[in-house]
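Below you'll find a set of structures to go through.
Both complexes shown next keep chain A, but they swap its partner, so chain B is in the first and chain C is in the second.
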Partner chain A sequence: MTSHPTNVNRRRRDLSPTARVLGGIGVALLGLVIAAAVFAPRLTPYSPRERSGLPYLRPGGSHLLGTNDIGQDLFSQLLHGARVSLTVAAISAAIAVVLGLAVAVLAGYRRGRAESALMGIVDITLAFPFLVLVVVLSTFLGRSVAAMVLVLSSVLWARPARVFRSQVLKVIEYGHMTTAQAMGVSPIRIVGVHLLPRLVPIAVAQIVRVANIAVLIEAALAFLGLGDVGRISWGGMLYFANTHNAVLTDAWLWWIVPPGLALTVTIVGLALLGYAIEEWADPRLVTGAGPVIGRRASARRLASPEVTVTSDTRALVLTDLSVVYRSPHGDVPAVSDVDLDVATGRIVGLVGESGSGKSTLALALLGLHRPPARVVSGQGSIAGHAVALTRRATVEPLRGRAVGFVPQNAMSSLNPAYRVLRQVIEAAEVSGLDDASGRAAEMLERVQIPPARWSAFPHELSGGMRQRVAIAAALVNRPSLLVADEPTSGLDVTTQLTILELLADLNRSLGLGVLLISHDLPMLARVADEIAVMYAGRIVEHGPTRLIIDNPSHPYTRGLLQSFPPLRGPRELRGIPGDPPDLRALPVGCSFAPRCAFVHDRCHTARPELAVVTDNRRVACVLSDAVPELSR
Partner chain B sequence: MTALAQLLGVSRGYGGDDNRVEAVRHVNLAVALGEIVGVVGLSGAGKSTLGRLLLGLERPDTGRVLFDGVDLAAVGHRELRTIKRQFQLILQDPFTSLHPSLRVASIIGEPLIVQHMRRLERSAAVHASLERVGLTPVSDYASRFPHELSGGQRQRVAVARALVARPRLVVADEPTSMLDASLRSGILELLSVLRADVGTAIVFITHDLASARCLCDRVVVVSDGRLVADSTPDDLVSNPPNQLVADLVAASEHLIPIQPSQHDQETIP
Partner chain C sequence: MFTLARYALVTLVAITLNFALPRMAPGNVVDYLLPPEVAGSVSEADRQGLLRQFQLDKSVAHQYGVYLSNLSRGDLMVSARYGRPVRDLLLERVGWTVLLVGSALLIATVIGVSLGFRSGWRRGGARDVGALGAVLLADSTPPFFVGSMLLLVFSVKLGWVPTFGARPWEGASGLALAGGILQRLVLPLVTLVIASVGPVFLVARSAMISETREDYLLGAQARGLKGRQVRRHAQRNAMLPVSTVVLVSIGSMVGGATVVETVFSYPGLGRLMYESIVARDYPVIQGAALLLVLSVVAANFVNDLLYPLLDPRVRRSRSASQ
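Take a look at the complex of A and B:
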């Protein structure tokens, strides 16, 4: 659930540089062709049908591209031909896409018999041999432009219908469709407001794609002599050049090459534009941000020169970690000045709301952060290996070996195509140690997955089982430290409990240090030895779990504890007032001051430092001694 | 109390003959106007199907679903839509349950368009409800798109939409389970505000017994499509009638340390 400050604009559609360049070239090429078509009468001195010169004139002089066998100006024909080709393509593409959209919406919305009938027609249309269908249809329908449009759109609508249909089925499952249906919104409004707008980007991409095919088919039909001979088009030019034996002389150079080039330019232009539009319509295409767990770790071994061994035996020592998100408006602090240790065999719970920086901390700790996140400072050691977090190379060799990671949504980041045993074996191979499959089997047993399920695919397992597989993959190389980011979110309470029990068990039996990250303080408190509370990128309180729970010092910790619906006692509901902090505009002084019930003048002037108060407890609050005891 | 919404011997299954799954089996449930009923159970217990049946989004295979004494399966499409104008649904996932290209004001105003309210009254009502759910300054939030809001704020928008519609039946399907735990109380509070302001019946679907206890007048526990308990929440917590409820109570015991099962102790090589 954690969202980074950069995610605020995640729907803004930025194209990748490649798409921008290619799209730009596409627009330029198409612009050229369209301008030629529009201004054809002004750019050409002769009418395309006029016998303006001698036959077979070579290019040059008053006839830029020469003349054909009856002395018509070929430059003029080329430009005027663009008009027919483009018009036919554009109109048939528009009709085909609108028709496809209508069929898809109707089929998707009226499930049942109408759906099977409509999709049956789509399948039959798609199954027909394409060119044969076109030829047969155009023979029947005649040769006018209207007939051409009719032929093209009646064969081209089916593919967009298929594409739209799958999108319709997806959108219908969206929550806003269901809530609208639940409140009795009329079908017209559901289609018009909830469904169609979400299909527009795809429709635009489809129009470009279909127009591309239409240009080609129109030319092909004209070339085959099935076009309107009285009308000049590119395909028509090619037809006449061919039938009048242009290829026997060198007239093909100026009679066949120019329309061929014009067609190529148009098609390439449309294809490039289509590429850019498709990326715009599907922002997922912009970056290949794959799941973390499936990535092969680098083959570097622990013995690589990047790793220095220290005498520190703690599972994790983290000093002075600061991470910022770079933005055009300056750096946004996501994690600031964090010191945190995890002793061997201890579970440290890191708690905070969405945007508090807890996941960013985990990613930076493992060198898995991505731009725009940047580690500004931070060093320490993982299982005795010194690391400088500003240099990923110092952490990389430890990942999957000295430190295991269960990322957020680990359950859904298992590779759906591989059986679970294979995924754990793959993780085991990272260490370079022998008997990867034996160790994988042992670890799967340890996380209590019955051997009968080892050959299952991830989708065949329950959420809890998948989480166990993710944990097994993280621990198969026997790391000293496990970092688990929200390992129980998305699971129901009973399954959450079993996962917590498993973690506590592994922690004991393997002597594993665990950094357990969650937004759920009461849940963390059930297994953690220590709790660190994060707010606006800083640790504001840290200490032994029992102390933090029984006697929270920081008003935020106190608010967190009170904000959970209690299972026993008075049925009170007390949320923390106000909104989570905006990291881009943190207040001067204490970040929590705007929401704090105990706010004091001093809170607005200086930011309280995290200082040890009593019982190994660190608190960052100017009132840390003055906050009244919490009576629970 | 007379029942507003009622399931009478309702069953509903999915899938073909060979892989049929019975999501709901012979359920009898009555919800009165102004009552908040918690439906608690594990993943896959049939809670959501139960909610969808109550709203007429699913038809029962057997049994009857009544609203105000009218059998939802027996009326025509048009009439069913008219009845549905008294319903509101609040969903779990705040990232998909709001239309991404509509502004907050339009999203909240949609049920009023359906109810044919005039534009001026509509914007006044939308304004008031935004204020009620604490999305202030209203003029700032009204013109935002859902992606410009946090998860908690989006759920507030969903509650505001329910407020403005003045429904008689609200189904809230896990409205807090995708939010930060610290935001649960806030949303639960808003749901009780919704009941207090509108007097609606609320069916609150959750896997968290503690949340249900703090909001609901009555809790039914669902397991494998069947109702296995129906009582006041405090009674369920203090006298779990069966093992399933006892497990739910144990899982919801906040703050109490778990005793890890003592497996064979192993030292790291």
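Take a look at the complex of A and C:
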């Protein structure tokens, strides 16, 4: 069981360098403040309330920070104020977190009505404005350190309760608790063994976080005159400074600034430490460098689109495309040395198992690949415009104009917040041509969306309709090439067929070159003029559809054909034996060799190159000379 | 329906807490009705008279009934210090707090959202790290310290704006009045914005980060939309969590305003509360707090009502379930 809760606890807790640095700074800042609080009596000879000098003494001599309006030593007040502020914050935070923990555990353990009542109280407490509530409470509870702690903890427990609550729910999801309960294990044991170990690290993080808020609120209360007059905290110092108009005298520099800075230092320290502890408590919170869209660099390059027009009239010419995924253990090849052309008005089907690199190829072709994917090499032309795929900037100006793209999960490729007509119009405007809305309407009609549905939101349309809208948006500027990645996945069979018919129709009527990507070879065969088969990032066979279907040369193509049951006749599903290739550790020779029924000694020594065999057919197999032998 | 019941419950709790606090607090209830100078020297007979006058000699249930019926008429007892109805005092002051909190909410939202969206869109960039650092600092500096420093620099040292108050002396009118009011609003406003921009920024940033992973952005790019257009798509969806935090942050802003008004002697509800705390004018503290709490609860309620208007998906599922 990998999901056992205690395993999560035992996972090594490595802090990211950022958390380490920030946490270190936090500890240093807090250490400073705590040291000041602990050694206060040794660092200053005066007591904070003693009138140890003349009023408004300037800093210097025995009064490091001077004195206030009644001659009390401000340095002493600052050091002793640290004691009050820290004590109040620490105690209230501890009480609030323990209280929150108790409520969450109780709610999680009892479930049912007690649970909803408890969580209802949490919600109500959170609905009140913090500061106003504590002001009223401490007005009536009196002005003492004890009252302050009581007030703070009675308000601050609700947030940690909610945090613990979600953790308790996670533990319950694992199911161990319920099982243990059913087995009659005592409640204390269940909580002690299954719940608390999981919650303790989070409790530590919460104490720091609540202490952070408590310092600020205590200071605010004291500043409003609700602090303990006998034990002046930093907020209390500022209260006296404010009521005695320290701002109007020179005393502000040593009366207002030091306690203000001390508060800031403490709160920053707690926040930084809290960040580090939270990462330590829940490593899953840490998200690695995620994909970043629209990096600044590429946006800048956009300003000068480098479009070179060639005389090539093919919709797509692709040469030597290689894409790798960067990883700490080295680059993993996803697409290797792919050459592929799509002639104007032709449909080329690209087929392969998931993970074969076909989607990566499509994204790289459009400059839409995201880190860690990186295009190592590749050039060609799209509708006569030369492109260097190692530089996104050369493809970007062509997207939506010369090439349309219907990405995988096209269902979710429409923005849920905008009406579909608007999104097609927006796509039409990319071309800079007139009458974007007219062209959008025309294209929506062409893909057979009834005008009544044009103002619908994407979620209000069926899957098939959404797919049609996505196709309309891709084609509204009449590109020469359409790249469609699994355009029929997730649709029912009937809808799949109508989408395919639509694509074939658009292909004919618009003279569109189509690169159609799918894992479903029989489906591709219905519409494609040519089929290219991909395996482990390489094209292993390419040729006219009829030839590929009737007479597959590569053993993998044969496997693909057989793995789909015929539409009529005996339905027998035969998958290709063996596991999909591990791209991190491809064999020296042919990548398919470990799964190949016709494997040969030579297959293990050298990788077969994609070579033209006959009739425009390219095959990468050492047995390709022996095509007839393989035929059915 | 459920939402409505929840907010009704919160309101009831607030009202009841307001009723119960002086009765549960140490000391005699009468002490909370009188100015502190007087409270100690009231004779036993006067005490009884007061108890009868405010019906405090009746049962708690009866008192609660009286309290509720008074409250429903907007009657909030009488200020111990001024001898005037609390309601009138609140009405005099509430406008300034609405002005301060309202404009701070607007400005903090605009700044927090635009910076947060930028930061999230280019996460990890120099600007993002810089903005995060600045927000951490702004969040960690107590508002009254920020306020005191601003007051010191711009009022005392530079003399650009008056040190206290909300409006110029009598006699000013028209543009001069408006200018005077603005002049006195600037510093409290800046302080409150600094104090409250942090949460808005952080939510806007993380909402934007999670939108950058959505498929529809790939779709938008595939259709040839450029950087700024694509970002607008993401922003539209990232607005949802942001709208929630903005309205919820009214709560912390109202709290912040209490402190900020105190620093700048700005005559809003917060300053009134502070003055009443210093003068131990309990009925006013209670009235002001109740008003503030109920407005925050109302803001949260409005937020729950507005949310479906922003998200077409929620709008549909709500109407489907009705």
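Rule of thumb we're sticking to: the second predicted complex is superposed on the first by the 319 of 632 C-alpha atoms of A that agree within 3 Å, B and C clash if a C-alpha of one lies under 4 Å from a C-alpha of the other, contacts with A are read in each partner's own complex, and residues count from 1 in each chain.
In this text, a residue touches a chain if its C-beta (ideal position, glycine included) is under 8 Å from a C-beta of that chain, and two chains touch if they have at least 3 such contacts.
As the structure is a prediction and not an experimental result, all values here were calculated from the model.
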TODO: Check the residue A:526 against both partner chains and state whether it touches chain B (first), chain C (second), both, or neither.
DONE: first
TODO: Identify the partner contact of A:500: answer first if only chain B is touched, second if only chain C is, both if each is, neither if none is.
DONE: first
TODO: Examine A:104 and indicate which partner it touches, taking first as chain B and second as chain C; both and neither are also allowed.
DONE: neither
Open item on the list: So in the superposed three-chain picture, is A:482 touching just chain B, just chain C, both, or none of them (first/second/both/neither)?
Closed with: neither
Task: Which of chain B and chain C A:119 touches, first, second, both or neither - done: neither
- [ ] Kindly classify A:511 by the partners it touches after superposition: chain B alone (first), chain C alone (second), both, or neither?
- [x] first
Open item on the list: Contact-wise, after the overlay, does A:463 reach chain B, chain C, both or neither (first, second, both, neither)?
Closed with: first
Open item on the list: In the overlaid three-chain picture, which partner chain does A:610 touch, first (chain B) or second (chain C), both, or neither?
Closed with: neither
Open item on the list: Let me test your reading of the model: by the given contact rule, A:78 touches which partner, first (chain B), second (chain C), both or neither?
Closed with: neither
Task: Complex contact set, residues of chain C against chain A - done: 6-7, 9-10, 13-14, 17-18, 21-22, 24-26, 32, 121-125, 136-137, 139-145, 148-149, 151-152, 155-156, 163, 209, 212-227, 229-231, 233, 236-237, 250-252, 254-256, 258-259, 262-263, 273-274, 277-278, 282, 285-286, 289, 292-293, 296-297, 300, 311-313, 316
TODO: Using the touch definition up top, name the residues of chain A that touch chain C in the complex.
DONE: 120, 123-124, 127-133, 135-137, 139-142, 216, 219-220, 223-226, 235, 238, 241-243, 247-248, 252, 256-257, 259-260, 263-264, 267-268, 271-272, 289-296, 299, 302, 366, 368, 399-401, 404-407, 409-410, 412-418, 423, 426-427, 430-431, 457, 459-460, 470, 473-474, 477
TODO: Could you pull out which chain B residues touch chain A in their complex?
DONE: 42-43, 55, 57, 80-85, 87-93, 96-102, 107, 110-111, 113-114, 145, 147-148, 150-153, 158, 161, 165, 167, 171, 178-186, 188-189, 192, 207-211, 213-215, 237, 247-258, 260-261, 263-269
Task: chain B contact footprint on chain A (complex, rising order) - done: 1, 3, 8-11, 174-176, 178-186, 189, 193-194, 197-198, 353-355, 462-463, 478, 480, 491-497, 500-501, 504-505, 507-511, 518-523, 525-527, 545, 549, 559-560, 563-568, 571-576, 579-580
